[in-house]
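Chain IDs A, B, C and D follow the sequence of writing; residue 1 opens each chain.
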């Protein structure tokens, strides 16, 4: 079995917890509290902004035949940010002046630290898992959310054929990279696969439960 | 007022929460559960290991007159790791095979991401705050812990004259750096000062309350 | 006077040597040897490829309002590479299997090392000078080259209104950054301004005189 | 055959040119012009200073069992700098206010760019080749230089048992890394092996022939 399939099987428990997360199920069922969804939007907007430097930081390490695709991912994320701003305007959500929650800040640090200090194949693993998690998560929402919902354009964005194609491309490339590296590096890739899945799950948990910093809940934030 | 004093005053609430943390007070009073302290040792051992690459990553950005002191910080941290191993042996604590808790992992990512993507003065801010937090925190413990305690060598390590001198040196250098930079950069330094204080507080909270990953508590970890 | 004007005045001697370089004058006059120009194309193609990771590596350090423009510079460079491939096809020049000359390799290392280890304002200085050097250099060529020359599309590329606008944008941003930083950093920016001008001059010299590695001329290369 | 031996055999021509370089032979024979050797000292002092951040930049990527040895290499280089200062005092050479020559600047950029943008095994290749080149080069000098020469302490430094042990350690580690990586990465390691040998040869050539910047010889420098 290729690397990605193997890892998704190995990490089935975490992956299922992610796809079964009440934030996704309530969004799917249209029962999510408006302010909860708005908070997620505010945090995810910051996260997508931070994903642009993450991808940029991969480029100096990328093999020649990966460069163009990575370069195109950057304007794609800029367009995604536009979708957030457009939906925020429609829903009356203010995206400005937001501070990252603890989980959000931590996840962004993980992206940047990985891009800089790990090998290309290791950092590419994180990119794939983050995108794959979004595809799978929003497919859960798609299964129930009314297409007239003001949140539906998010579903469309992350379950579109274009996005599915991107995730499929990433998977094929990551499988190929995993073939090329030595065993020790493949082990580190597996570790980062799991860590990224954990951060993704933590992000939904934060979206549902709130984003306090440990030791500061109920106090200065 | 110089930069460090100014920031410590501004962030007095977070700093006090940190120094008042039950982990420190119970360690001071000798009432901390042995296993709680052992867990902190296991996590902090990983953190100190990760602080070595953090300091190393600062060196290529350091002004010429900072290089020697940073270079000496690395063997000092190696000696700190030895202290952990020696105390672990005395107390019968196993330091091997430990996975970083969520807060620990996040804090380390913050160090590495900052060292790579921020300016030298910004990253140096994080170094100072982390060291200053340890000095102040262990001074709290020193105020009560019996010098015959098996944990007392940690008190000695982080409240020694040598460590006080190091923290004083860092403070003087950071104050000088803050004088030299422009206002926008000084603003980013203040932000990182606060973020580091938040991570320090989160670390004690994790030490007291346990290190689960959000969404995975009580399940696969 | 703003920073860029000040530096260009200070470095007038190097800048003039660059604009007076025989490679540019012979290209302007249509007397350049075909193989000399073809060699420059082969080397500059590699250089433009390497400039993409350089710009990408700036992005994680960029202030929020610089991100979009930097992101757009990447597809612009991909289009520039296409121009090289298209001209190479027209002129029968083979761009494949080329090794970087010594000066080319060195200049690329300078870009990458600067992007990673220097501050944003310092690395942005290098970006501006490299682009400004190309604009000014190709304006020299424009003054004489027949618009029917097969090399004329290079003139069009680097003297176009769009490129002039990009260089002007970079200059305005760099002047603003130089206002914001402290004096020590502004001094380092001035140093990098000069170093980049020296590398640009060295690149034309290499294009005219050949790209051997020191100590290997006439031997294994 | 292990990786290092294989590469040294493959690159025998460049390696021999390096060991046969007139700078080394004249230093061995005691016929080197005093000012030529002094210029080399001034340039190499800058280079050794820059090697410290290079090694530091490797540390965040290093496997756990490499960390201590890399950390010890930093004080070893500080001691090497002291040797330069001490010899300079004896010989009346002024090491201050020196600008890097073109080749020196380029080589340092290569070190830093490699440490940041290449994998650990690739960057470690550069470290090994640079140290191995110095060991072999100074063994050439040792074969003839009078042990009473004021330059003899350099011979002692780089041909000592301690330095031989360090080079041997690096070789064993690099051979092991080359076993662990995939074929594509091993190919990039071979390329960096050759590039480093070329930079080493270029450095001796610069030491013998002078360090002008291309296009600026005889002019502003």
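Definition applied: contacts are C-beta pairs under 8 Å (C-beta built on N, C-alpha and C of every residue); 3 or more make two chains touch, one makes a residue touch a chain.
Just so it is clear, the model here is predicted, and its values are computed rather than measured.
Across B-D and A-D, the chain pair carrying more C-beta contacts is B-D.
To find the repeat of B-C among A-C, A-B or A-D, check which pair has over half of the same contact pairs by residue number; it is A-D.
Rounded to whole angstrom, the centroid-to-centroid distance between subunit C and subunit D, based on C-alpha atoms, equals 29 Å.
Computed centre separation for the pair subunit B/subunit D is 36 angstrom, with centres defined by C-alpha atoms.
Centre-to-centre separation between subunit A and subunit D, using Cα means, comes to 44 Å.
Residue positions of subunit D touching 2 or more other chains, listed in rising order: 53, 57, 60, 112, 116-117. Contacts from subunit C toward subunit B in the complex involve residues 60-61, 116-120, 180-185. Subunit A meets subunit C in the complex at residues 49, 52-54, 56-60, 62, 64, 67-68, 70-72, 74-75, 78, 112, 115. Remark: subunit D residues 13-14, 17-18, 21, 53, 57, 102-103, 105-106, 108-114, 116-117, 195, 198, 201-202, 204-206, 209, 213-216, 219-220 touch subunit C in the complex.
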